[in-house]
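Quick one: this structure, given as structure tokens, is what I'll be asking you about.
When the chains are written out, they are named A, B, C and D in that same order, and each has its own residue count from 1.
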């Protein structure tokens, strides 16, 4: 209690001294208004009006035309003259006849403002006045202005350009592949490991666990994982080894059901498909991880395959799987989780290898085309990086700035 | 089985037990290992120090969720204590739907400790959904985004908010977050409005934030529990951050010893095996 | 009908969403917001789908008198209890409401504790898997040890250059590798997205007709 | 009193999960099954109030009653029926004969998100990284970063054998990758231990008031 009082007193003391200093130094009009002193007559002289006001479309060629940028010159009384400008009122109207409403109250010394959330393309009339706390100056107006509604955001041109180059490459190689050109793809280590792991599980008469990550179906890693799942399901169907697929997303579960059912049908084992083994567990990250840990210890799969998007649960799964004595193969493009899979699993498909694996396994020429396109895009990227370094060294900034997007 | 093989075959539950003990013991017997303060923390401390007492407020956005509470709450406590000790006014808000209760409890605890008065020294705005829209909107007018505080009082009736319209009247924003909220403050308050922004993030995220420091988009940065510990050292009030550092130091050293032990055992056992094979042949 | 319509819808939705990024025109942006709302709503409906299969799975277990059916009851009661509290209590998100209390005192502690198991697992993984078998593995191990030391106060005490070394590892080799993976992964993602839109990659449809 | 009961529940559940470190047991199984149920219920309520209610239920009912539109600016109430219908189509998978209809919704969903991702991925993961990496080669550090990036990219070349110059770069790449992985592992340790400290603090301080 005592402390509260002391603090309060100290605060009051500091506040008073600051207040005093402020009044003495600047004769801040706002303070004057709040504490009128009787010996000073009220200010009745309005400050001089601000100088020329200009308004133009903000980000001329980049936005929806709903922002307008305003600049003005300071009032002669702002920081000079009678030195009593407290700030400016910015007025906006849809017609020339009325000043409209105040859209912003700006502090003295400021000469720039961006008015947002306007109706795109509509014409606005702006005016500005200076005020000293009691009086307002005459208004300064400017020509009416309208935001321009743009059809293309030029600051994103580099994105579009590289995108078109990349998609062009992918499509060209896809066409080549369709025509029957042989496309070489290097063998990805770790892919053999998947087959070995499934083989081991069969020998031991124990199930295979396939976790397609906790990403949604719209996550590209999940899609790649489903392609790999189809391959794994065909092997387990042939060996008649149970395949357990726990999922964290309902849509992924339905897609996984379709994929596995189809794979079993294709190898002529439709009856071996057990819908109870494709399970939805929980959307909550650690509830899911906990439940998968339970499966590992209770149903004792001999091979654990983790393919897809994983977050912090990666190590929880991989360490429990190790403790349960399973062979583990992981694959993810989540950079932050790769270290844990690399250390805790027997094999890991790193980063892009996950996508490459899905294309490799499907053996579909069209999918391989995408891989080849990505490779050539990497060549383009390398060239750009080297070029950037060289040009930067030589002092050309424009090139680098082209890559700074909004 | 020789000693190396025994080491390799050790039940990992012994490791778990050792980790458990290493975490619990410093709670009862603190080691008090010295914590060296690094520049990013020092800069944030200075930025809070520059705010005038009982004037324009510090805006503290407590954006963490329960999962990252242990790393980020000590930061919130240290910053709040520092501000309150200097009688700096503080406005607290949250951008995380689960952050409401966490932000409120940290604020009220610090305020009670330091004898601060609601409304005149600090206030709590609560939660608003729509991260980027909230931050952008506050740059224009805080009262349009938060017309009233968390308890239904209009902002105009809160004494300390008098004259506080938007970022122009806020000398510093600090965001404490375990997700992209801290970056959102950089993108939507620092870039368009030139607002001074500081951040406190988890240790995992901290490395991604160093570029913002070097480009001056952040005035200072607290990274993980270590950042909180350093701030506690700066304000000379040790709490959970410094406490945690003891456990952290012990376990980090322990893991390094484990790595070495694992390697010695592995290579020892392998050599032994090779010798045996050579003898057998 | 069965394949063509979904593929066409997929293409149209994908094309629009990709192109809107470059067109700030309000007509396009408003449509974009509308469509985004639809996608989010679809997500919510899909979530319900998961809940239905969760209930079905545990219902089966109980009906088939599985050994651990008692635990299926636990799941079902937890689920129904939470839904009940959420819909009966109108202000379910406010602090102090039963729904919120259940979240904070049941879900949060269990999830947070599961998360914290990682502290134990990280130690056991370090012990059994960090082996200096090859040059690459040795580098991984050394980098990990230096960074670990550089993050705690005791590192400063051992040698003053450790924090600087840590920062260098994070800012130079780590940055280069992360960037490389990021670019590679980014290209893979875009290629896959394009293939999905064009109907080349159709794993999401399952296989048959 | 109420607080004590709730804290005790949280503490018992915390200890139940930790018991898993010793071995799988009924306490862990209880916590595991409970959190699966509770979290499903939690998300269901949250998703309903955040997405289905504002995007479907409220606009349809309110606009029919002639109130102000909420959620959709364009105003036609039937527009809000579309996401609802698409959502319901997902449930056709419970009826094998019409199960394929669910693909219509799925097509929009998968396609929409695939398209949505393309441009931001190009921007954040490719273009900005190239821009950030266009460093003047005036210091050892910058040279190393450029070499590391080129090496890592070379490692992810799939359509050529890793021989010759490509092989050299790929080998360099894997060296950088491993150092990067080691660093990530090392700096994650602190966060994970913080979580454990948090739980221990909850048990010792908030629950038992020992420290």
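We take it that a contact is a pair of C-beta atoms (placed from the backbone, for glycine too) under 8 Å apart; a residue touches a chain by one contact, two chains touch by 3 or more.
Keep in mind that what you see is a predicted model, and the values were worked out from it rather than measured.
*Asks:* Which of the chain pairs holds the record for C-beta pairs in contact?
*Replies:* C-D
*Asks:* Can you tell me which chain lies farthest from subunit A, using the average of the Cα atoms as each chain's centre?
*Replies:* B
*Asks:* Taking each chain's centre as the mean of its CA atoms, how far is subunit C from subunit D in angstrom?
*Replies:* About 3 Å separates the centre of subunit C from that of subunit D.
*Asks:* Give, as an integer number of Å, the spacing between the C-alpha centres of subunit B and subunit A.
*Replies:* One centre to the other, that is 22 Å.
*Asks:* Give, as an integer number of Å, the spacing between the C-alpha centres of subunit C and subunit B.
*Replies:* For subunit B versus subunit C, the centre distance works out to 22 Å.
*Asks:* For subunit D, write out the residues touching at least two other chains, lowest number first.
*Replies:* 17, 20-21, 29, 31-33, 35-36, 39-40, 42-43, 90, 93, 106, 109-110, 112-114, 117-119, 122, 126, 130, 133, 146, 149-150, 153, 156, 177, 181-182, 184-185, 187-190, 193, 195-196, 198-199
*Asks:* Give the residues of subunit B that touch two or more other chains, as numbers and ranges in rising order.
*Replies:* In subunit B, the residues touching two or more other chains are 12, 16, 19, 23, 67, 203-204, 207, 224, 226, 248, 251-252, 255.
*Asks:* Find every residue in subunit C that makes contact with two or more other chains and list them.
*Replies:* 21-22, 43, 46-51, 54, 93, 104, 107-108, 110-112, 114-115, 117-120, 122, 124, 126, 128, 130, 140-141, 144-145, 148, 151-152, 170-171, 174, 178, 181-185, 187, 189-190, 192-194, 196, 204-205
*Asks:* If each chain is a node and each touching pair an edge, is that a line, ring, star, complete or other?
*Replies:* Graph shape, chains as nodes and touching pairs as edges: complete.
*Asks:* Which residues of subunit D touch subunit C in the complex?
*Replies:* 6-7, 9-11, 13-14, 16-18, 20-21, 29-45, 47-52, 55-56, 71-74, 79, 82-84, 86-88, 90-91, 93-94, 100, 103-122, 124-126, 129-130, 132-133, 141, 144-153, 155-156, 173-190, 192-193, 195-196, 198-199, 202
*Asks:* Write out the stretch or stretches of subunit A touching subunit B in their complex.
*Replies:* Residues 3-4, 7-8, 10-11, 14-15, 18, 30, 105, 107, 114, 116, 323, 336.
*Asks:* What residues of subunit C sit close enough to touch subunit B in their complex?
*Replies:* 93, 95, 100, 104, 108, 111-112, 115, 119-120, 122-124, 126-128, 130-132, 141, 144-145, 148-149, 151-157, 163, 167, 170-171, 174
*Asks:* Over in the complex, which subunit C residues touch subunit D? Could you list them?
*Replies:* Touching subunit D: residues 2, 5-19, 21-22, 30, 33-52, 54, 68, 71-72, 74-83, 86-87, 92-93, 99, 101-120, 122, 126, 135-137, 139-148, 150-152, 166, 168-187, 189-190, 192-194, 196-197, 204-205, 209 of subunit C.
*Asks:* Going by the contact rule set out above, which residues of subunit D touch subunit B in the complex?
*Replies:* 21-22, 187-191, 193-201, 204, 210-211
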